[in-house]
Amino acid sequence: MCGIFGIYNNPKATELTTLGLFAEQHRGQESCGIAVNDGITLRMHKKMGLVKEVFTPDVLKDFRGNIAIGHVRYPTRGLSTIYNSQPHIVETLSGPSYALTSNGDLVNYNSTRKVLESKGVYFASNNDGELILKYIVYQVEKKGKSIIDSIRKFMKYVNGADSSILATKSELYIFRDPYAFRPICYGELRDGSYVVASETCALDILYPKWYKELKAGQIARINADGIEVIDHISDQYDRKINEKHCIFEHIYFSRPDSIIYGENVHLVRQKLGRLLAEKDANLPVDVVVPVPDSSNFIALGYSKERKLPFEFGLIRNHYVGRTFIEPEQTIRDESVFQKFNVLPGFFQKKKIILIDDSIVRGTTIRKIIKMIRNAGVAEIHVRIGSPPVKFSCYYGIDTPTREELTANTKKIEEIRQFIGADSLTYLDISQLSRAVKSPDKYCYACFDGKYPVL
Amino acid sequence: MCGIFGIYNNPKATELTTLGLFAEQHRGQESCGIAVNDGITLRMHKKMGLVKEVFTPDVLKDFRGNIAIGHVRYPTRGLSTIYNSQPHIVETLSGPSYALTSNGDLVNYNSTRKVLESKGVYFASNNDGELILKYIVYQVEKKGKSIIDSIRKFMKYVNGADSSILATKSELYIFRDPYAFRPICYGELRDGSYVVASETCALDILYPKWYKELKAGQIARINADGIEVIDHISDQYDRKINEKHCIFEHIYFSRPDSIIYGENVHLVRQKLGRLLAEKDANLPVDVVVPVPDSSNFIALGYSKERKLPFEFGLIRNHYVGRTFIEPEQTIRDESVFQKFNVLPGFFQKKKIILIDDSIVRGTTIRKIIKMIRNAGVAEIHVRIGSPPVKFSCYYGIDTPTREELTANTKKIEEIRQFIGADSLTYLDISQLSRAVKSPDKYCYACFDGKYPVL
Amino acid sequence: MCGIFGIYNNPKATELTTLGLFAEQHRGQESCGIAVNDGITLRMHKKMGLVKEVFTPDVLKDFRGNIAIGHVRYPTRGLSTIYNSQPHIVETLSGPSYALTSNGDLVNYNSTRKVLESKGVYFASNNDGELILKYIVYQVEKKGKSIIDSIRKFMKYVNGADSSILATKSELYIFRDPYAFRPICYGELRDGSYVVASETCALDILYPKWYKELKAGQIARINADGIEVIDHISDQYDRKINEKHCIFEHIYFSRPDSIIYGENVHLVRQKLGRLLAEKDANLPVDVVVPVPDSSNFIALGYSKERKLPFEFGLIRNHYVGRTFIEPEQTIRDESVFQKFNVLPGFFQKKKIILIDDSIVRGTTIRKIIKMIRNAGVAEIHVRIGSPPVKFSCYYGIDTPTREELTANTKKIEEIRQFIGADSLTYLDISQLSRAVKSPDKYCYACFDGKYPVL
Amino acid sequence: MCGIFGIYNNPKATELTTLGLFAEQHRGQESCGIAVNDGITLRMHKKMGLVKEVFTPDVLKDFRGNIAIGHVRYPTRGLSTIYNSQPHIVETLSGPSYALTSNGDLVNYNSTRKVLESKGVYFASNNDGELILKYIVYQVEKKGKSIIDSIRKFMKYVNGADSSILATKSELYIFRDPYAFRPICYGELRDGSYVVASETCALDILYPKWYKELKAGQIARINADGIEVIDHISDQYDRKINEKHCIFEHIYFSRPDSIIYGENVHLVRQKLGRLLAEKDANLPVDVVVPVPDSSNFIALGYSKERKLPFEFGLIRNHYVGRTFIEPEQTIRDESVFQKFNVLPGFFQKKKIILIDDSIVRGTTIRKIIKMIRNAGVAEIHVRIGSPPVKFSCYYGIDTPTREELTANTKKIEEIRQFIGADSLTYLDISQLSRAVKSPDKYCYACFDGKYPVL
C-alpha cells in the first residue's frame, strides 16, 4: 500500500504535491519522495520519514518546478532503504527524461526483470516502480515506440496491480492496470492545472473544479493541449478488462472521506456495520464500541442498524509512531497500552459489541480485550467488518505469510478463545459483497484465495 | 499547559517515564525532558521535539536510574528554547542535588525572582520551574529548613498555579498549590514503585495497583519508608485552601480517558453536550457533527439528549504537526484543508448542529463552516461547549491577549456573522457550572474575569 | 581527482577500507562510500562528508563483509549530489552482482553512454564509474563475455583515464587504462588478504608484506586462487600502451609519502625545487619560504640547491574546511587570512623566495603576497614548481575553464604584476621533464595542450 | 587549555568572533559558543563540535549584535557536556545582564563554590567560568559594588589561572590573574571596534590597527568612551603581582605565529632547538626530523645550530579527528599509522635526530620509533624540547594524573628503553629558562613541582 500524487502545469507544483502526499500519509509512513521538472531538468528528493519531516519549508524553498510527481511508501517488495523508495527517474544524455511513481505489485516482476536484465537494462532497486519505468523507457528509447504504445505493451505483458504516473519534461501520463486493483483519480484545479492522486481526499484539499476516477486499463495523457483519456484496447494477446478492485480499500486502507471505485468509503463502511448486525438481531447488549479510528464508521453503521448506543469506550493516542519503544523493552505484553486506553468506569458491568475492521494476527485485539476485561466488562462480543483473512495478497498489500494469518490456521471458535471474546463473528464473503454496488468487480483473494492473476 | 510525570524506586524509571510522558503528549509538543537519579548523580536529557523523537531506544539504553521525573512542554512563560524547557536541576558541591518539574504559572513570578536575584540566586531561564526549584533549594540550603518546610514557605509566599514534582537523591516530593488549579495524581505500581502524573491516563498505561488525586495544598513525600501525605497547614499568613480547578481541563485539555478533580472527563464532556441541547429542544435539524476529536464527547452528549443522529461529517488528518507548511506559502485561507476534510456527499442539503469545544480567535471554525457550505449544507447551527472566552488566563494556559479573543471584542451575533453560521450558541457560565459536581471549586476567570489570585 | 581503495578476503574489510580512504582523504573531501560483500549480498553506504564523519564506529558496527571497495570523491563530471558519488553497483535477479569504483575521466563518455542508452542501459548518475560498470556488466550479462574480456573490450572502445576496482561476489578485478594516467597500486597484507589503492600511502598504514604498481593496460584478477596479473594485449583495433602519467600527481595531488609511477613523490618535489633554483644562481635573497603544506618539499629542494635557509614564514590553519564562511560574508578580500597567517616579525626587511606548486587563478597567491608586503618584506621573488597551466585537463582533474586560467590569458609579466611579486619564474616544461626518470611517459597537456587522447 | 575571544562595537560581531575562534581552534576542539548582545537582549549559542560545524552561515545569519564573546573548549574541570561549555550568562529581571568566558583553572574553586552555594548562588555546571561570572555578579547585584571592584574582590579571594572577558549590555571588561598564567591580548580594529583574544594570531586575521598584551592583574574596561586599563592594586590582603606564565604555551600550546608574553613563539621554539643541540655537538648524525607539526620549529632551530639538514621524514594526516576509529577496533597498536606515515626510502640506513616537543605518556613516540625502525633507520636519537613532565598542572592544562606521567615513574634511561630510542635527551630546566627573556616570570611546576599557588 502506497500513495501517489502528480500535478501538471502549476508553479507551486512541489508545495501542492507535498499537501497531496500529506493527505495520503495514512497510505505509507516509511519514506516519501517528489520528482519535479523545472523546465530544464528533473530534480528529485526522497528520504525516509514522514512528509512533514522530509518536505520542510527549507527544502521546498529551493525545489521548484511546474510538473511534479510524488509518493509515500509503505514497504512491500524490497528492503526498507532509500534506494527502494519512489519516484524513480531515467535521464538520457540524448535529451528525454522520465520519472515514475506507482502503487501496486507486479506478479511477474521477477521474470520481467530478468528479461530486461538480459537485454542490458540494470536496476538499482527491487522496487516495482523502477521496473515499470525502465520497461516503458526501453520501449520508447530502444524500440522507438510512442509513450502510449509503450504503456500499452507494458500492460499487455506485465501483470499485476499498478496505478502509475509518468512525467516527462512536458507531459504527464497516468495509467491503471486492466484489473483496476488500486485506486487512482485525476482532476482539474481552478487555475487550469491538472492533478492526479490515489485518493480523492488528496484532491479535495486543493479545492478542484472537478475530478473523476481513471478506469481499468485507461491511459491518460496530460499536456499543453489538455487531457486526453485513451480507453483500453484489447487485442488477442492483450489483457481483457476484468475489474477486480481491492475490497480492503473500503474496509481499511482508504480514508473515509475518499470516494473509491465510485463509492463513498464512509458509506460502504457503515454498510459493513449494518450487515454485521444482521445476525445479531436478538443479542442483548448495551453499547457498540469501535476500535478507533479505523472501525468508527463500521461501528456507527452497526449501532444505527440495531438502534444501540454508539460509544467511544477506547481512546487512541495519536502520537504513537513506528519507531517508538518496542514492547519487549518495557512491560511485556502491555504495549497496546501505549496506543489504547479505556474510558475509566465506562465498561463496568456492560455487555458490549466491540467492532474491528479485520483480524490479521489477532494479537492486538487480544490485548485490547484483556484491557477491557480488567475494566470490569460483563460481556464482549467481537464483530469483524470483513471475512477471515486466510490468504496473502500479491497486489500491493503487505500481509504476513499465510502461516502468520490467524484465520488460516485457526477455526473461528479457536480464534474466539485465543482473543478471549464471549462471541466472535466475521462478515461472510456473501455479506461483504452486498456492501458494494458492483460486487463482481472486486477481488476477494485474501478471503477466498481466488487470485485474479498470478 | 504542560504534562509532568515522576517515578520512585523502579529500575526501569526512564522507560516508564517515557511512556508516561508519551501518554501526556497532548499537553505539550514543543520539548520534553527527563532527569534521572542513578544512585550517584542526577542526569538530564531534554530537547525540542516529541517524546518519541527525543527518547529513542538509543538514548534510553544509556540513561538509567531508579528515580526519574519528566516533562512535556507547551510554551507559556518564556521563549521557545531548550533553556526554558524542564526539568530543572540544582547540584551542590556539598552533596545534595535537586530536580524539579512543574505544571502551572506563578502570578508573582517577577517579584519573587527579583527578591531571589537580590539575594544572589541567579537564573538561566524564564521558566516557573526554575524559580520554584531555586526558591525551595534556597530555603533548604541557605536557611537550613527541611524540604517540607521549604515547600510550605514557597506555598505561603509564592502565588499561582503549580503542581510540582521534586526529586532528590533518595526522595520524591510532590505538591500542589492551595487553589489546585492544575491536576496531579499519584499511585503505586504492582512492583511497589510509586508514580506521579498530571493525568490518570498516564498512570493507566502502567497498570497501577491504585491511584488518587493530590489534594489542594497537600505535600507528599515518597521515600524508602513509603508515601506520606501531609495536609495543608493554614496559619495567619498562609494561603487558605480555596479550590479553583481549571474548568478548561474538562472542556478541552485533558484526555477524555482521564479522571480529573474526581470526575470522569468524558462524562463531563457529554454533560456539556446535554446542557447545550437544553435551549435547542425545538430546533429542527438532521444530525449532530463534532469538530473532531476534541468535541466528540460533547457532540455525543448533545445527540443523546436530543436523540439525534451523531455523525462524523469531518475527517481529521492526524499527521498534522506544528512545523508544517504555513498557509501563506500555499493556498491562502485554505490551510484548514490540511487538517480537516468533509465526508463527500454527507452535508448535501442537511441541517446540522456543529459542535466545537470553544472559540478563541474564530478563524478555524470560520474556515470549517466555509468548507461545509461548499459541500452544500442547508443550515449550520454552531454550538460551543463553553461560555465565550473573554479574558486571558494567568494560571498556565497560553491564551492570546484579550484583544485577540474574538469574544472580548465582538458580540455573539457579530461572531455568528464572522464565522458564517446560521445560529450560534455558547453555554452560559451557569450551565457550565451544572456540568460538574462541585461548581464552586472551579475557576471561570477566562469567562468572567474573576481571577482567584493576581 | 578521487581516491579508490579495495580489499579482498579480510574479515575487517570495511574497517580497513575506512582506514585506506582516510589516508586518501586529500584526494577528495566531498563524499565517500563503501560497497561490501558479506557473502550473501552487496551492501553500500555512501554519503556527502569526510570519511571520519560518514564511517563512524556506529556505521561500521553493522556493515561487515570480506570484500570491500571504497571511494573518496572530489567532484569532476556531474553535480555534487549523492547520486554522483561512488561506488556504483549492479545487482541482477539471476544472481551475479557487481560493484565498481574508479578514478579518472573518460573522453568519450557522452558517445559511449548514448550507445548504451540506445541499447536500453539507463543511468542514474552522470558519473564515469557508473558508465564503466554498466559497460562491463552489459558485456558479461548480455554478450556472455568473461569479465576479463569485457574489461578488455571496455579498454578498446572507451578512452580516457581510469584506474578501477570491480568487485563481484567472489572476486576483485583491478584495471588501468593503457595511458596509465592515474595511479593505482596493489599489495598483500600479512594475513594473506589483498589490498588495492590509489596511493601507496594508503597501503603503508596497513603494514603490507609487499606492494607494487599496476602497469598501463594491465588487468589483475584476485580470487581464492590468489592474484593473477594479465598484461595488455594490443591487436589491430586495440589501444597501444602509451604511458602518459599525470605529472600533476607529483607536483601537487599525491601525498609526499607515496610512491607514484615508480618514483618517490617527495624526491620529485625536491627535484622541482632544485630545478627552479637553476636560473636564480646569482639572485641575492635571504630565505626560502613555502606556501604550506603543498610546497614544502619544493621549497626544501630549492633551499638545498642554493644553500639558503628554509623557513616557515607562513602558518596554515588546518581546521579550514570547504563549508566555512565565505569571504563575501566577512571582510572582503581578506579570506585568505582564515587559512594563512604570517610569522610576526619574520618578513621584516627580508628578501624572500616564495615557493608555490602552481598558479591556477592567481587570486590566492596575490592575497598572500599582499599579506607578506604588509609584514614589511623587502623583496618577494615567486617561484612556481611547474610550468604555466594554460589548458584544461580532461583526465580527471577539475581545472577551471581555459578562460579562468590566468596563464592562458596573461603573459608571465602580466601575472607578476597582478600578483604583486618582484619577480616571477615558472619551471619550463623542459626543466619539469628532468624531474622524473622517464619524462616521455608523462602527460603535459595542461601546460602544452598536447592531449594524448581526445 | 581553551581559547577566548571578544569584540566590542562591531556590527559584524558574531562573524568576527567566529573567525577569531576559528584561529584559536587548536586551543580546544570539544565545544564552542558565542554570546552576543543585540542591544536588547543577550543571546547565546553553544554546541559540541568545531567552530566551522557550529557557526555555519545559517546560524550566523540570525545571530547578530554589536558586542560578542566566544569560547572554544578543551575539557579541563567538569564532564564533556554542553552544560560545561562556555560562555555562561546571567540575566536578571531587574535589567542587567552579564556574559563571561574565561581560560584557566581556579585552585580554590570548590571552597569558593561552596561559599556561594551556602549563600544561595546555585550552579548549572562544574565550569570555572560559571563560578567567576556568578562571583562577580553576586558582588555587583547583591553587594552593590561596581564591576571593577567586584573583579578586584574576585582577584583577591579566588586563586588560580584565569584570563577572562565579561560582557554587559554596554561594556566589555577583560581581566587577568596576578600570576598571568594564561595569555590574553587586546587591540583596536581599523573601524574603531575593540577586540580581545587569547592569542595574537586571532587578532592578526582581523588586520588590527594595534594590539598589546593585558598585563598581570590588570583590568580593562571597554565602553563608548574607549578603553581604560586599570593596573593591579595590591593592599594588605591582596595578591601581589607575581608573574608565572605557563611555559608550555611556548613549548606546545600556542600557535607559532602568535606573540605570547611579549615573545615570538616561533623564535622561542627555535631557541629550544638550539639549546637542545648544545650537548650534541659531537654526535654524528645525518638529518634532523621533527614529529610534525608541533615540533617543526624546534627541529628547525636544532638543525640551524648544528648545521645539519632539516628534513620532513614523517607525514601527518591532517584529517585525523577526535572521534575517529579507535585503535582497538582495527589493528592493535598501529593506530599511530592513521596519523603519521614515513617517507618511503627516507630513513634507510640514516642516523637521525628525532625532535618532539614533550613526552607525556610516551606511547605515541614509541610507536613512531617502531615505524621508523621498520623503515630501516640506522640510529634514532630522540631530543625533547622540554624537561621531563613529572607533575600535574592545576592552571588550565589537562595533564594526566602523576601516575600516568611516564617521567614521574621512570628514569630517563628507562624511558629510552621503553620508547626504543638509541639515545634520549630532554632539555634541563636551566636550559629551558634560557629560551625566554624573563625566565623568573614563568611557571615550571609541571617539571619541578614548585606550584606558585595551591
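Letters are used for the chains, namely A, B, C and D, taken in the order the chains are written, and counting of residues starts over at 1 for each.
Please note the rule applied: a residue touches a chain if its C-beta (ideal position, glycine included) is under 8 Å from a C-beta of that chain, and two chains touch if they have at least 3 such contacts.
From a predicted model like this one, the values you see are computed outputs, not experimental measurements.
Ranked by how far their CA centres sit from the centre of subunit A, the chains are topped by D. Averaged C-alpha coordinates put the centre of subunit B at 50 Å from the centre of subunit D. Per-chain CA centroids place subunit A at a distance of 36 Å from subunit B.
Averaging C-alpha coordinates per chain places the centre of subunit B 61 Å away from that of subunit C.
Across the assembly, subunit A contributes no residue in contact with two or more other chains. With chains as nodes and touching pairs as edges, the resulting graph is a single ring in which every chain has exactly two contacts. Screening every pair of chains for touch gives A-B, A-C, B-D, C-D. Residues 12, 15-16, 18-19, 22-23, 25-26, 50-52, 55-57, 60, 200-201, 204-207, 255-259, 264, 266-267, 293, 296-297, 300, 304, 309-312, 315, 317-321, 323-326, 329-331, 334, 337-338, 341-346, 374 of subunit A are the ones that touch subunit B when the two sit in their complex. By the touch criterion given at the top, residues 89-94, 110, 113-114, 116-124, 134, 137-138, 141-142 of subunit B touch subunit D in their complex.
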